[in-house]
Amino acid sequence: MGVDGTSDETPPGGPPLRRETSRLLSFSDGVFAIIITLLVLDLQPPRVERGQLLHALIEQWPAYLAYVSSYLYVAVNWLNHRAAFNRVENSGKALQWYNLGVLFSTALLPFATSVVSQAMRDGDQADQRTGVVVYGLVGVLVSVSWLGLYHYLTRHHDLLDQTVPRRFFPAERARAAIGLLGYALAILVGYLVNPLFALAIFLLLPIFYSLTSSGLYELRRLRHPHG
Amino acid sequence: MGVDGTSDETPPGGPPLRRETSRLLSFSDGVFAIIITLLVLDLQPPRVERGQLLHALIEQWPAYLAYVSSYLYVAVNWLNHRAAFNRVENSGKALQWYNLGVLFSTALLPFATSVVSQAMRDGDQADQRTGVVVYGLVGVLVSVSWLGLYHYLTRHHDLLDQTVPRRFFPAERARAAIGLLGYALAILVGYLVNPLFALAIFLLLPIFYSLTSSGLYELRRLRHPHG
Amino acid sequence: MGVDGTSDETPPGGPPLRRETSRLLSFSDGVFAIIITLLVLDLQPPRVERGQLLHALIEQWPAYLAYVSSYLYVAVNWLNHRAAFNRVENSGKALQWYNLGVLFSTALLPFATSVVSQAMRDGDQADQRTGVVVYGLVGVLVSVSWLGLYHYLTRHHDLLDQTVPRRFFPAERARAAIGLLGYALAILVGYLVNPLFALAIFLLLPIFYSLTSSGLYELRRLRHPHG
Amino acid sequence: MGVDGTSDETPPGGPPLRRETSRLLSFSDGVFAIIITLLVLDLQPPRVERGQLLHALIEQWPAYLAYVSSYLYVAVNWLNHRAAFNRVENSGKALQWYNLGVLFSTALLPFATSVVSQAMRDGDQADQRTGVVVYGLVGVLVSVSWLGLYHYLTRHHDLLDQTVPRRFFPAERARAAIGLLGYALAILVGYLVNPLFALAIFLLLPIFYSLTSSGLYELRRLRHPHG
């Protein structure tokens, strides 16, 4: 990292050696692609007595529900990543680590998915509460990592493409905060009321995210057209 | 997504920030590469008594057949994806989700492959019927996701490279519809007649797809040379 | 595919839509990267009684040997792939399938590695013979797939970069044929004499490949400087 | 490889066929992305009696600690790889193999992580010592592979971008040597004193690496401004 803390890619007295974010993008695309595909490893043919396969496959429904929720969630994360980094011109060590934080938290989703789907299928009420809390905590962690990334980009407008409006990343940050509250709410509802309600929120949150993608920003732009 | 619904990449008053589909392509290539390679995880050395390895490896033949079928199927899906997106100039939120739908359904193939190969090896007739129905349903789902994507591209010619003939994506859509019928037929035949017949159809369908790739379009072009 | 069979990327009357081989390369790089990394999944901490870990880890030596051999082999395959496709300007449906054939056979290596390392550790002499035959057959299959690809490129010089000498791909084809013979020899020696000898050949063959990479071609060029 | 040993990409009498390191980068990004994501496969929902999930998840704490340490370590390796190859203009067969050596040793991390986390959870004192020795040896191996790569690049300044200062790679080499000593120290401390101390060093070393990234170089540059 240079002394000025903005980039480790500009050698003293020389031009940038290469497009700054190209490897960050290819590495991140790889990680998202693997995470979204690893989810399917949690779907396994049940080991059952001969003749019981259909029944056992149907009994796995929590695994399918968890798979769909997590697939949507990772997909939304990837779309968010794309929307954010399409607007970033330069990185630097700090942004690299914020990005690695997002990848770290997202990479925990297959584990959380596996825990919650196994708990819903085989566990008692206490296990199911544990399962939704684990999944919810990973959701909170993912939201926090995005919050950090968006906050950093809000405060480092110089790293962005010049055409990006000042209000874009604050709006994204607000969306991440809403996600954080959503997952926190799911933990509470799942723990105090019913784990199934938490599952429903886990499914609804990525749908909300998808629908409002850039939506909050559009809304604000309509209100403050010169922002 | 912009108010006009065509793209979220053009900031107000600015040019496109970057080649629109580059990350969609790199993410999709990653997912296809992982799916096609995960299939091999279903091939495992059998855990048997000493001296029984050869016999046990031969008894795994349904796993090898399922592996070859699914490898061909994922390969054909990737070739289709390449043929389609080589012709796409711009994406947008809707196209992103159609693409994520294709990746979602294709990602279920290793699971379906595992179910059918285990059912053929260890299950009774009922399990085998269940196995081919599961695989067939995933095939139907994959076909439906392509149908949606091709239909969307047929109706949004403005997203395409200008040199793409108007009849290209309708022809692809027809091919997807034939695939849908093929997998539905395999389910019926496998359920009512014999699961082995369904396996044969599962192997033949990707071969058909591969041979007719762009073939239907060529055929139509010969008939309507000014299309 | 066009009527002329060379490429499906040139729409009638239009220029090539995009760099022809870019997605073939990114997909193939993904598959090779996954195969080479999946190999490590065969290395697992042994499940043993407390206090037996060190002993059990040492007893796994065939797994380490198989891992190193297969890592080298996949690495050499990737280097060969890079050397070949750095010289290819245009693809087409046939070349796509030759490439998918190479990826198919290479993707079987983690399975074969797992079979041979388990057989060496837990099996009797018959199992060990089976193991080396399975690994050797996959090696033969990989060699055959390269033979096909090199033969195709030898006969389709028009797909290549103009600066590629006519003798390059015939020399590569000869190298693939030597590999085929090497793996066939390993099967024979492993089956008739001693499976350990086969393991040694499996380790030596990628080393040979690596050392002679472009070596045969250099040799021929020295003899026929105007080739 | 050419007779001069620097590159296999320049055919006799022709220009370089393509950007030299592009496939090395995309393959390496793929491998790092898979390694960092495979780590999560070691986190599995514990198979326990109904009602014991929470307790069992908490008992897995060594797996979480090992996961975090290894995630940081792979992340730092990727950042190092990016920092190094952003400065490389040309490769060649030798550099390819040094790079494959780095990928080989890094790919062993998920295995070592699995061994150490299982030993900390289920093993006795002897197993735990074995576990930290295995992890430490992989850390030594990773450091040695970087040492080799940095040493090679120090001696082949002609492969680098012209703006790279002469002192950059010697400083990186020194950092790799410190890492080697760190992991060797962890082995000693873990074996002779307490495995938990070794775990702490495994967590601290990537943090040290991250903080000093390019730091030693900056330090030297301040002292020798004309280097």
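As written, the chains take the letters A, B, C and D, and residue 1 is the first residue of each chain.
In this section, contacts are C-beta pairs under 8 Å (C-beta built on N, C-alpha and C of every residue); 3 or more make two chains touch, one makes a residue touch a chain.
Because the structure is predicted, anything quoted here is derived from the model rather than measured.
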| item | value |
| --- | --- |
| Chain of greatest Cα-centre distance to subunit A | C |
| Type of subunit C:subunit D copy interface by residue overlap (half), same or different | different |
| Computed distance of Cα centres, subunit D from subunit B, in Å | 37 |
| Subunit B and subunit C: spacing of chain centres that average the CA atoms, whole Å | 26 |
| Multi-partner residues of subunit A (each touching 2 or more other chains) | 26, 30, 33-34, 41 |
| Subunit C contact footprint on subunit D (complex, rising order) | 1, 3, 8-9, 11-15, 17-18, 23, 26-27, 30-31, 33-35, 38, 41, 93, 96-97, 100, 103-104, 107-108, 110-111, 114-115, 118-119, 122-124, 126-127, 130-131, 134 |
| Subunit D-facing residues of subunit C, complex | 25-26, 29-30, 32-34, 36-37, 39-41, 43-45, 50-54, 57, 71, 75, 78-79, 82-83, 86-87, 161, 163-165, 168, 210, 213-215, 218, 221 |
